[in-house]
Amino acid sequence: MFPFNLNPTGEFFAFFALAVCAITGAVMALSLAKVVHTALSLAFTFVSLAGLFILLGAEFVAFVQVLIYVGAVTILMIFGIMMTKHRDEERERGRPLLETLAAVFCLCLFGILFFAIRSAGFPVPETALPADNTTEIGTLLFTKYAVPFELVSVLLTAAFIGAVALAKREEEPA
Amino acid sequence: MIVFHTLTWSDAWYLAPELALVGFALALAVLDLMLPDRVNRDWIGWGTLLGLAVAALFVSWHICDLRRSELAGEPAVRDLLYGSYLIDDFGNLLKLAFLGATALIVLASLGTIRKDEIPIKGEFYYLVLPAVTGAMMMASSGDLITLFVGLELLGVSSYALVGARKRSGLAGEAAFKYVVTGGTASAFILYGMSFLYGVTGSTGLAGISRGLEQAVADYRALVYVAFFLMIVGFALKLALAPFHAWAPDVYEGAPTPVTSFLAVVAKGAAFAMLYRIFVRTVFLADAEAAALREDVSLALAALAAAAIAVGTAGALRQRNAKRLLALSGVANAGILLVPLALDTTILHASFFPEFLYYLLAYAFMNVGAFAVLTVVSRASGKEELSAFAGLYHRAPWTAGAMTVLLCSLAGLPVTGGFFGKLFILFGTVQTKAYWLGAFMLAATAVSYYVYFKIIRQMYMRAGAEEPAVRVPVPAGIVIWLCAAATLALGVLPRPVLDWIDGLFSIGADMLTG
Amino acid sequence: MPDNVPILSFIVLIPLAGALMLLLLPKDRGRLARISAIVFTGLSLLFAVWLYADYQPAFGGAKYEERAAWLSIPLNLEAGLRDQGVVSYRLAFDYHLGVDGISLPLVLLTGAVSLMAALGSVHIRKRRKAYYALLLLLQTGMYGVFLARDAGLFFIFFELTLIPMFFLIGIWGDYGREKAANRFLVYNGLGSAVMLLAFLLLVATLGFRADETADGTILTYSGNYDVMLANLSDPNAAANAGGALSFTGGLKWSVFVLLLVAFGIKVPIFPLHAWMLRVHAEAPPPVVMIHAGVLLKMGVYGLIRFAGFLLPAQLEAAAPAIAALGVINVLYGAILACVQKEFKLVLAYSSISHMGIVLLGLASLSEIGFAGALFQSVSHGLISALLFLVVGSLQERTGTTRLTELGGLARSLPFTSGILLTAGLAALGLPGLSGFVGELLAFLGLFATMRWPTVLGVLGVLLAAVYVLRSVLAIAYGPLPARFAGLKEARFTEALPMVALTGLIVLLGVYPSLLTDLMEHGFAGLLRELQTRAGG
Amino acid sequence: MSMLASYLTLAAVLFCIGLYGVLTKRNAVVVLLCIELMLGAVNLNLIAFAKYGVVPSLAGQIFSLFAITVAAAEAAVGIAVLIVLYRSRATVNVDEYDRLGR
Amino acid sequence: MRTVFSQYAWLAPLFPLAAFVVLTELNRSLKRTGAFIAIVASLASLALSLLIAFERIGTGAEDYSGGFAWLTIGSVTLSAGFEVTNLTALMLVIVSLVAFLVNLYSLGYMRDDERKSVFYAYLSLFACSMLGLVLADNLLLLYIGWELVGVCSFLLIGFWFHKPEARAAAKKAFIVTRVGDLGLLIAILLLFRYMPGHALDFVSLHNVFDSQAGVISTSITTAIALLLFLGAVGKSGQFPLHVWLPDAMEGPTPVSALIHAATMVAAGVFLVARTYDIFEASAVALDTVAYIGAFTALLAATAALKQNDIKRVLAYSTVSQLGYMMLALGSGSWTAAVFHLFTHAFFKALLFLGAGNVIHALHTQDLRQMGGLGRRMKTTAWTFGAGVLALSGVPPLAGFWSKDAVLAAAFERHPLLFAAGIVTACFTALYMARLFILAFWGRPRGDAALAARAKEAPAVMTAPLLVLAALSVAAGFVQTPFGSWLGAWLSGEAIPEQAESVPVMAASAAAGLLGLYLGWLLYGKGAPKGGGAGQTRPWPWLVRLIEREYYLNEAYGYLFVKPLQGLGRALRLFDGAVVGGAGRLAAGAVQALGRLNSRLLSGQLQTYGLAAVIAAVVLMLAIAGRRF
């Protein structure tokens, strides 16, 4: 069974290309030996996702995605990689049982999800999103979602304080 | 164009407890930066306590306020910004519980945590405040987004708290495990939420509830997937077996007050969120969604049973007191889950009082037990069960209090633990979930063995010529407060339950907004 | 007696007050602790005796009943009940004490054995304050069990005996004390758990009551025993219960079996006896006095009180099975008692055997059999208490209770040996001593309905002679090992409880009406139920 | 016929790959990254539902914004924790983090 | 006629009871006077018994009974009371008389024993229980007395508790008789079940079984009778439960005289006589009684032939004579049985007390160590001789008349029974002759020095002998075939003269005399000098069989003791492995779950994750999957 409905529109081709990119990035990330390569490969996936977001009419989210994921998270990770030493991957011995079981059950999980997605016949929605959704998002964030928005600021502060408190070096007591 | 309301100053009043906590957190953070190093950071701790007290005051005020409205015949619920924040008795009661438990934990840690162990003592204290804020959000929101952000606020703050013993490699390991597990759990919960949003088109619980009937009809599999992904996520967060494996490691590595916080407040908050989502969406559903409700109940019941069994059996083999209490927490999480897994019928609708009462009892006995553990492990430098050896000789009053707490954990009368279990058990009997009741009871019998292992250490082993255990005054107060409260909850449960019953009503507090 | 004296509460709470008072004593005042414990125990016993003197079987115990609302937990009304005019919906457990012809003998037994155990604790020297405090706490639990008239209260008192026993075994026991304490705890904990489930089922069914008042309907789930009894005999109770669980046959059977298991662990009924062997062997003798003397009887009492009175139909139908279990208990215990090398284990198995006779009495479903079961309970309580008093005395002097190492003690300890012999004779059912009466009544009762089980039970009496004589004679008779030549005879404080218990055993053996008259109307309710069933 | 199923399937694929990575990758940084991948997959889900869902709304996009922010915060704390851990353990191999429970 | 003393019959057991209580309570302070208290008490009982008996003789006095409700439960009342009939009056006299004499005798026999007061306490308790048993008006009370005498017997057999043999004998006596007691108990249960109004008193039993045939079915009646008889078998040492009685000789000799010869062992006979109506209602039961009695008589008489312990010979003789009584009962003549009981009580007590004198003098019970005592202990020898003759059934001594009554009854019943009786009579005379000759004739064979110092016992020990000897000689005349006064008095019916039984009398006398003659031939005249008799014994296996008492003890060992021990051991294994094992298994299951949990908690984060994912998939498939 071929999972995709072949409906050769522009969106479809764009989707297909981006999906291939995203999956490739993800798979590469898992199979590459060097950690830096993994991080970069995942950044590639995140960029592809941003592309998909644009395809889905979420330009602002795509922008944020690139900004935060590619810009912040991946850089953070690379900092992390640089601050810690990484042994060469080839010295690692495999854990076949863990890997096999993980693969099998992740596939199972995917199977369940896939079944559920396929079994749902989604109608084409009658209403469409507003074209200028960035403004709309801004409005919503400050009105309907003001509470979580304020909360996220607290969260970021807490995360910031926590991260700094943890990561800063303490002078060893005598 | 729909006109949206935004926050007003009057809304700020409703957010007063949370704002107070955040305000205190920021103020203390600034204070911590400005104070010179030589100043004892216990002051920050007292500040934290003050913040908690102020927040509790506001919550109490809200409770009175709601009560007044109720008596006046007005709706006893305040709905902020389309359900993204709810002031109702469900939330208020839980908030009080979280604040109280946190205050006890902070109080107990004053004088017991040491700078050489936790270098970031200041942060350690005031990071508790955003964590509690997160927990309160989880108890008090009718919107998936707010709930999720609350969950993450609690999570992110506690990741840092777990790692506070920076020099110990164990703390780092625990924190890392907690980050990975917490992150994965969040991903699962969020994934489930995304499907729920997708099939109902709303992130508000009220909207989801309205749309669920249709969604079940149209996309049954997706609705199932949504709920089960969330169940898996919550099972991870709540450490229900077999999703619990991280809990003993994290509890062991974390500083004991944080362990206590994770076991009580973090767990309670996750339960609050579970209640918010599940009760509002599926639990009172019927017709098309009835089968869904049954299945979700069954899944929760199965998880509860597994948690009770595995937690109890696992605790049998533990020699480390903290890991033992962690596994006991797994079992207790199972018990706390039971009321939610029971049918709601005309004669049985008391799931929330059942849950809340046991949560209160659990909070007291756990906070107390962890406080004793802190004191004891400080004196003997280890967290093994043998740290308790001869405690009866070394600190008789503490041993006495610990005995009360352990009896309560084991569910012996007349303690809060006993009564809470009895109440939940009666629910299982009323709804004919006999197997679940039997499971609880069998596990209770086994748990006698578990908890009496510590009692045996305290009374039947020689003190190894160790000196008397010095109990810091705040910790002593907490220990005795917890023991006394545990006894009081067992002997006179009525005032508390009458109070809860007087305030709480399913219709107003769980189904509006 | 003035009518307003809450005598039952006094009986139950005096030991508790004593325990609390002991906690306030300084640690090193062991002697004072002992004396005050004896005083408090005696005081409780005094009230029990007063109750006995005042109690008139014809009027029952209504006069002494004490009832106070205790737990009254609101249940959520919202799921539609309010619309049906319900104004109050609660789960209620009362502080409700009462006495009748079934509990009074056991209360007296508790008082007597407790006092003797307290007196007999002379050999306890370690941590005396704690010891006596726990002993007093244990008494509160035991009295409470026998006097409670509310399932919840009963359960709480039942559990209350668990904790002190755990400590008493685990701290003051022999070498394997901790293991014994653990096993005691786990088995009894399991029993309690099963009992709790059964009780909750009873509360949810028999305990449900709908009272119409001017304001509206009041729905109550009650643990109150009287409510349950009233509902049981009220044919409309099921209809009144509305949406509550109906007490169907299957549910009744489940409750019955659960109760049988729960109390069967305590009694103990084969094959649930494994725990009590170690307790007998490892616990300090005065504690075993209470354990074998009173705690096992809580199981019997529970069986009668709940499985019997509340489920007469099931009791009737299960009578053959109970008789079979009784026979197994009698023979199994007796045969195993014949091959034990440790005297305490002989006594442990002998307890199993004797409790089998209690089961036989219960299985008879007749008044005489019930009276026999109860009498046998009391009698076995006194006899095993006496035996363990002697065991304690012997153990203190010889350092062993192994049959192969003892012998000829009648020469160096003539008094103690004489008491041992008397107790042994009482245990093997010698007429003139109390053991005989219980056995006789149980057999007389059972024989009317079940002939062969009775005969097999009687065979157990023969085996009792074998194991009692085998062990008692091995201790008291024969040549005296040289190392036991200089033993000192029991002191007055030790001899006093021995003589007192022997006196009670003889008194009950010679004039059993002292107890049986009390029971006169005790079983009336159950018998009426059984008869109406037989009639209809 | 909408593209929704395709987007959802892609999200599921990415989610499962991320999960697989969390379960099997030795390097702690990669594990953290894989969690981010899982969250990213969820974002795709949310945004796809925002456009093609039963009731298209911006709530999905806003939800994903929050999710992205939260994920970033989590990543920051995660890396901080990792650094603390690395200081005392000198390894980033997840399977060597097994001193607890010993 | 109004009976005066009968009303106070209940006092008879109370005198010794009072003595018992006083002696037990004041054990230490009453070293010397204790004995006198007991003797006075027994004398008081004796006096009262005699008054009661004399009051009843000849007047045809009505039976007197009185009592009270002992235990009332619901509609059932168990009463306790006493009943004085002629039979009980006779028994009262026998018991209190022998008890008094033995009490007196013990004054000398137990003089040097430090636990003398304990001994007297036990004796008093026994007297109380035995008198209670006799006076009991119902079976339950009789059972109580029955058990109590058993206990006293046990206590007195084990009086010298430090001897392992005494310990073993006491235990054996108690347990073996208890087997019989169970029969009695079950019989009581049956009667309680089937008697109208749950009555257990003898009057009701008489009414039910004597007249109203059919109230209780025959099979039940037979069962009751056989079970009652089982009780009697145990107490009266009938085959196959007689094995305890020879061993019981480990007790002090006065005890053997009182308990194991004259009174307690006769309780079985008394029981059957008291409940004779039940036996008469069942032919099977009567036959069983007769044949068991006859067999026991023969078996024990043969066993007595080869015993070397003087008391064991007498013990087997007692068993044999009790068998006679049973034979009489089974043959339908309970009066003959009671008559034999009456005479036997005197001469057997006499013989035991005589043997006691011998033992007292020589400090041995072994016949092979005796000899020639006749010259040194004249009173003992003469009185003992009278006892021997009486037991051997030499006319006109008491034993002859009673034995003749028994044989006459047996003759009427069945020739086989009669033959057994005659042979037994012959053997009886034979072993008594052997005993007497070995003990009193010839010259000392044992420790010469001891034999030289042997002298006659003090007067307090010989006086009872004289009284008993006189009774042994004369007591038989109360009932002869020419005037059966006793039988008439006991049964309340006139018994015709039985002149036709002269051949029986002749056969009986001849058998006795033949036995005596054989005895003289074998042990007196023809006794091999130097003790080398062993080589010429015919049928060595038979002799060994008799010497070893038919291997019954061994047989019981293999039949009951060993299997019980084996069963016990097997059950001990079962208890440990299965019952304990089930608990361990349950605990093990929980532990296994705990172990599984520990395996999971390896510290490996990704294992945790994997477990969670597996669980998630399983949960979804198992619970949600059902719906699809």
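Residue numbering begins at 1 within each chain, and the chains themselves are lettered A, B, C, D and E in the order written.
Basically, a residue touches a chain if its C-beta (ideal position, glycine included) is under 8 Å from a C-beta of that chain, and two chains touch if they have at least 3 such contacts.
Note that the structure is a prediction, hence the values are computed from the model and not measured.
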According to the touch definition, list the chains common to the neighbour sets of chain A and chain D.
B, E
Central subunit by CA centre of mass proxy
C
Comparing A-E with B-D, the busier interface by C-beta pairs is B-D
What's the chain with its C-alpha centre farthest out from chain E?
A
Note: chain D sits from chain C at a C-alpha centroid distance in Å of 62
How big is the gap, in whole Å, between where the Cα atoms of chain A centre and where those of chain B centre?
30
For chain A and chain C, what's the span in angstrom between their mean Cα positions?
68
In whole angstrom, how far does the Cα centroid of chain C sit from the Cα centroid of chain E?
39
Out of chain E, which residues touch more than one other chain, so two or more?
601, 603, 605-607, 609-610, 613-614, 616, 620, 628
I need the residues of chain D touching at least two other chains; which ones are they?
8, 15, 18-19, 22-24, 32, 48, 53-57, 59, 62, 66, 70, 73-74, 77, 80-82, 84, 86, 95, 97, 99-101
Going by the touch rule set out above, which residues of chain B reach two or more other chains?
145, 148-149, 152, 156, 159-160, 163, 166-167, 175-177, 180, 184, 199, 218, 220-221, 224-225, 248-249, 446
Can you work out from the touch definition every pair of chains that touches here?
A-B, A-D, A-E, B-C, B-D, B-E, C-E, D-E
If you look only at chain A, which of its residues touch chain D in the complex?
3-5, 7, 11-12, 15, 19, 22-23, 26-27, 29-30, 35, 38-39, 42, 45-46, 49, 52-53, 56-58, 60-61, 64-65, 68-69, 72-73, 76-77, 79-81, 83-87, 92, 95, 98-99, 102-103, 106-107, 109-110, 113-114, 117-118, 120, 122-125, 127-130, 133, 136-137, 140-141, 145, 148, 152, 155-156, 158-160, 162-164, 166-167
Sort out for me which residues of chain D touch chain E in the complex.
19, 22-24, 94-95, 97-102
Complex contact set, residues of chain D against chain A
1-10, 12-21, 23-27, 29-30, 32-34, 36-37, 40, 43-44, 47-48, 50-59, 61-62, 64-66, 68-77, 79-84, 86, 90-93, 95
Using the touch definition from the top, list the residues of chain C that touch chain E in their complex.
186-187, 270-271, 273-275, 332, 335-336, 338-340, 367-368, 371, 408, 410-411, 425, 430-432, 436-437, 440-441, 443-444, 447-448, 454-455, 458-459, 461-462, 465-466, 469-470, 473, 476-480, 511-513, 516-517, 519-520, 527
How about chain B: which of its residues touch chain E in the complex?
176-177, 180-181, 184, 188, 220-221, 224-225, 228, 231-232, 235-236, 241-243, 245-246, 248-249, 291, 295, 298-299, 302-303, 309-310, 312-317, 327, 446
